[in-house]
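Working notes, structure below.
The letters A, B, C and D name the chains in turn, as written, and every chain counts its residues from 1.
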Amino acid sequence: MPNKIPVGIVGATGTVGQRFIQLLEGHPWFEVSWLAASDRSAGKSYAEAATWRLATPIPQRVADTQVRSAAPDKDTPRLIFAALDATAAKEIEPLFAEAGCAVVSNSSAFRMAPDVPLVIPEVNGDHTELIKTQSWYKKNGGFMVTNPNCSAIGLVMALAPLHRRFRVEKVFVATMQAVSGAGYPGVPSLDIVGNVIPYIANEEQKMEAESCKLLGTISDGTVAPADLKLSAHCNRVAVEDGHTESVSMKLGKVAHAEEIIATWEEFRCFAQKLNLPTAPEQPVIYERAADRPQPRLDRDRGRGMSAVVGRLRPCNIFDWKFTVLSHNTIRGAAGAAILNGELLKAQGYLD
Amino acid sequence: MPNKIPVGIVGATGTVGQRFIQLLEGHPWFEVSWLAASDRSAGKSYAEAATWRLATPIPQRVADTQVRSAAPDKDTPRLIFAALDATAAKEIEPLFAEAGCAVVSNSSAFRMAPDVPLVIPEVNGDHTELIKTQSWYKKNGGFMVTNPNCSAIGLVMALAPLHRRFRVEKVFVATMQAVSGAGYPGVPSLDIVGNVIPYIANEEQKMEAESCKLLGTISDGTVAPADLKLSAHCNRVAVEDGHTESVSMKLGKVAHAEEIIATWEEFRCFAQKLNLPTAPEQPVIYERAADRPQPRLDRDRGRGMSAVVGRLRPCNIFDWKFTVLSHNTIRGAAGAAILNGELLKAQGYLD
Amino acid sequence: MPNKIPVGIVGATGTVGQRFIQLLEGHPWFEVSWLAASDRSAGKSYAEAATWRLATPIPQRVADTQVRSAAPDKDTPRLIFAALDATAAKEIEPLFAEAGCAVVSNSSAFRMAPDVPLVIPEVNGDHTELIKTQSWYKKNGGFMVTNPNCSAIGLVMALAPLHRRFRVEKVFVATMQAVSGAGYPGVPSLDIVGNVIPYIANEEQKMEAESCKLLGTISDGTVAPADLKLSAHCNRVAVEDGHTESVSMKLGKVAHAEEIIATWEEFRCFAQKLNLPTAPEQPVIYERAADRPQPRLDRDRGRGMSAVVGRLRPCNIFDWKFTVLSHNTIRGAAGAAILNGELLKAQGYLD
Amino acid sequence: MPNKIPVGIVGATGTVGQRFIQLLEGHPWFEVSWLAASDRSAGKSYAEAATWRLATPIPQRVADTQVRSAAPDKDTPRLIFAALDATAAKEIEPLFAEAGCAVVSNSSAFRMAPDVPLVIPEVNGDHTELIKTQSWYKKNGGFMVTNPNCSAIGLVMALAPLHRRFRVEKVFVATMQAVSGAGYPGVPSLDIVGNVIPYIANEEQKMEAESCKLLGTISDGTVAPADLKLSAHCNRVAVEDGHTESVSMKLGKVAHAEEIIATWEEFRCFAQKLNLPTAPEQPVIYERAADRPQPRLDRDRGRGMSAVVGRLRPCNIFDWKFTVLSHNTIRGAAGAAILNGELLKAQGYLD
């Protein structure tokens, strides 16, 4: 595969790292050539180091690859996908940007930094401009780009096309989030079998802040967050994959149900036009059955990259209510980052 | 037990009927003497007729009792607890009121009828006055009293003391409801194992309408519903018992967090003062741990009759957010009706 | 698709019928041209008639197809896949054989009939010879072929290659079966969330009888069942798809662990040699990790058509213990029948 | 409570430690006066130190008690309940015996030691005689007694009365074990939601060895294990509490079904005769419904201390098959140890 772009994965052994490996297998542009994880894993083969929890086997080539320490070395490729927890990311990711890497991060550590783009290609692909304001970039071409929290991404995909046309002013959202969002070992089974946990640390704050940045506008190298009020209630439920969210929204303009649905169904962007390999054909799918979307049935739509919306109906307080679902470890994590990597390639930032 | 009041149960074999039998076993005032169910069950012993799904055995005396048809007969006691689905209730419950019975119903069929009290003793025990306007009552002393939907009752218990003191104006609520709320066989397991269903037929409308009636005021034999806007999102999750609800509320007066918590913790009413046997010592319990209430851990508080509240925190849009939990087949169904029966006894309506 | 063989599905709207439609979409040999279900569904479009519960959408062409009554008509194709419950099958399947159809049935109704082949292509593809003894076949070429129960098929796939080489004499098996095996609505969620049901009607008898017939030998148009004692314990657990089974076995010859594993891994048959489209590359996969196979991780191996075995270890009483897993609605139902259809085509029975 | 016996709990903050506290609340003989846990917890109040996961609140007196380090000190009472993992137990438990304590342990560390009694009061209460052979006991009266693994105890309670009457010779058992058996955090939810794990480290060996010791006979200060062959298959399922086990057994004498059932139902011992406070009225309950026992419905029988048996039916290979269920953290852990403590009191070992 002489023409593929070599990529590295930092945090390769965790839940999101595993999804990176699964989704990059057979990728038409990228090829995994470098894997790093914690010092505990360094030196082992990937198969030994990872407690692989996905339903497809580890690709053989990856299984035999030796895991390295989480620091740039002479073999580190330019493009790095980072799947670290926030504490580790804070320390480790800058080392790679410093070393000239293009760091595409799934962590929350730098998402709200003023010069770091927080990007969903379908929503605000132009925010990558912020890269040019990063001191690393100016120095040696290294930079950092992030994707949003797994609970924010489905919501924002559903809101973005409506915001452009009808202006979204206020949003209530209550989430029912899958256990894979907490990583591995993550949520103890005693806490979730036959149960609900009405709390996920810092999640509500992340959803509220990230949504405004994602829907904001960029000019002169600064992102002005959207003037949108969002109130989030985050809950954990006994679902493997797929975050379901109950949403009420107030719009700035009158919108009829069929207009809203058409706006979702027709929503496309340059990710689709450019045929980015991981971009879903239809970013937002509307399901008309009364009891959809459901995580078990709808999380894999668009190969896990579409947000699925349903139950649009009037709200007693705001204008409209609906339910949105997205796959939290594909669209909400590894898939989001890979699509960001593809966007960067298409925009020339990897040249 | 010569001094106990004999009671009948219509719909005795279903999920809620079973809870009636479980909760009435050893009741200090009432004694089950008469059981009725569908024609399919009539003539069989209760043990044969019911697919008993509770974790305590069928009381022996009840197991051997013969199930009758769901119509008044010469042995029907005055006090009837009804656990029928709405369609059956619409037809059958009036027959019992017509026959002079005090029908304490868990069904939705007549909850919103202007002359039928919809009652939570702690909240609006004075609404039983409506009984006197019922034509049955005037004719022969028969009447009908109802308790709210299992998803409304926990919410309204949490709102009621705040409404009295701070006036609740607007409420967003998203529910995560247990499967026992759908009866038996109810929700197919393929729909709920590892899944969420974002839809329960008519549930949102019931929550919205019933909450306003419950928080309303009675004068001159008419209930004026509370001037409260409520928007509900109802979801089903893989929990056996216990409905969890994420709530945002706007208040008419400024309220500090500790005032709200104190209002909940100090909330008592004559149900507690009169020591009604099924009344919980503390109707609303506030849990300070960040991740509570949880259905598995908190549904049995106050023997399943308390609403458990937690996570009070500011809301970006309204004033406050919190989580409330209540046991849907105890406080939300059979226990609610039994407490209504006790209220009627204390108020002299059974004399 | 002018060269494809048209096929019909009877019982098309149920859980297994849906799998037939999903698995036949894009099949290289077969094309669904005719759908039948109960009279309640007849006349409706498939999309209206079916409560579709699979994670891929209904193929558009099928969604619009009109569902017919479950009886042969002038458009009925020769090859019929039948996904009926045993009671319906008993009555309906013979009508199709009578009408000259090749009925490939997933039902238990005729599995143990002496002249009906019960077939797993990898195990006893030669049993299709029984077709020639069927009176329908002699009359007009119609016939019936069946696949085993979903709990028997994984077990027999694991036993078959060992039986040939080491002679399996006695088998204990305890199953943990997925809820999809009970169809839809099937198991009530109250019975299975946080629970185990240690009973599935008739399942143990089916496993015991069918396994002996499958491992039996055919000569002179008669199948002599294998001289094998099997004792089954069948349980239902809260898993969507994938039956897991704990097995102890006594062998007629001494076998070392690595010989047994090699026998599994090298097991191939003409289904593989002929490249039947639905045949898995490797019918039995051995997983060496201590905690495998697991339904969530391993049910889709070989596109759901492989049996996955693990934990081979000595048994205190018999010779060896192991765990086997197979996908109950693919390898255990629709996929099994489609592979049988392919076998019949390869053997010339559809000419 | 001047007359109660003060008791200490080592490992008080874990899953089993919590059950000790819950079950000892209001105990007529014992009173918790001393709590110890790991150094991380020492010095904190119990409420701070424990992540309490039970459905009843922490008793107030316990909540405020200061947790100590896991070593004997001047306040350590004579009777110590130990809820430590095996590694910690190996080191810590002897320190308490050495210091003259009566250590009633739930750990596996010393269960198979020749001079340590492994006891179920209903089964082999006379094995406590081994205490007199312990060097600690001879020196200063300290000693150690253990209860069996949570998966062995239900099985052995079902086998014991049959063994006395019919001699049990061979047993196959496949378990479906609850997640609480793995402690907290224990099993990651990603591993068990919608899944089965066919492996629990060392569990099969424990079941096999402990069952023989429990059913063995003591003479001259030595336990001769029963001459019984047992083969175990251990699985983890998505159940909170309650281990379900599928069993086949070969008996030394002919036994009819009703004789077996009567033997179970009539099984009593001096634990019942002496009215030990934690002893269930009926140690083994037989349920005749075809689909019982089930963990959700039957684990709390006899306040969680009874083994519930069902589905007795002939076995193709051995004589009989049945299902047995017991509550793994009550009868299988804390309740078992408390009953052992009561036995020791009744036998005079605490004087």
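By our rule, contacts are C-beta pairs under 8 Å (C-beta built on N, C-alpha and C of every residue); 3 or more make two chains touch, one makes a residue touch a chain.
Note that this is a predicted model, so its numbers are computed, not measured.
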{"item": "Distance-maximising chain from chain C - centres being C-alpha averages", "value": "B"}
{"item": "Selected pair, greater C-beta contact count between A-D and A-C", "value": "A-D"}
{"item": "Cα-centroid distance, chain A relative to chain C, in whole angstrom", "value": "40"}
{"item": "Distance from the mean Cα position of chain B to that of chain A, given in whole angstrom", "value": "42"}
{"item": "Approximate Å spacing (C-alpha centroids) for the pair chain A, chain D", "value": "47"}
{"item": "Contacts with 2+ other chains: residues of chain C", "value": "53, 191, 193-194, 238-240, 296-297"}
{"item": "Touching residues on chain B, where the partner in the complex is chain D", "value": "53-57, 193-194, 240, 296-301"}
{"item": "Interfacial residue positions of chain A with respect to chain B in the complex", "value": "170, 172, 174, 176, 191, 194-199, 201, 208, 229-231, 233, 235, 237-240, 244, 246, 248, 290-297, 310-311, 315-318, 321, 323"}
{"item": "Partner chain B, residues of chain C touching it in the complex", "value": "15, 53, 179-180, 182, 184-194, 238-240"}
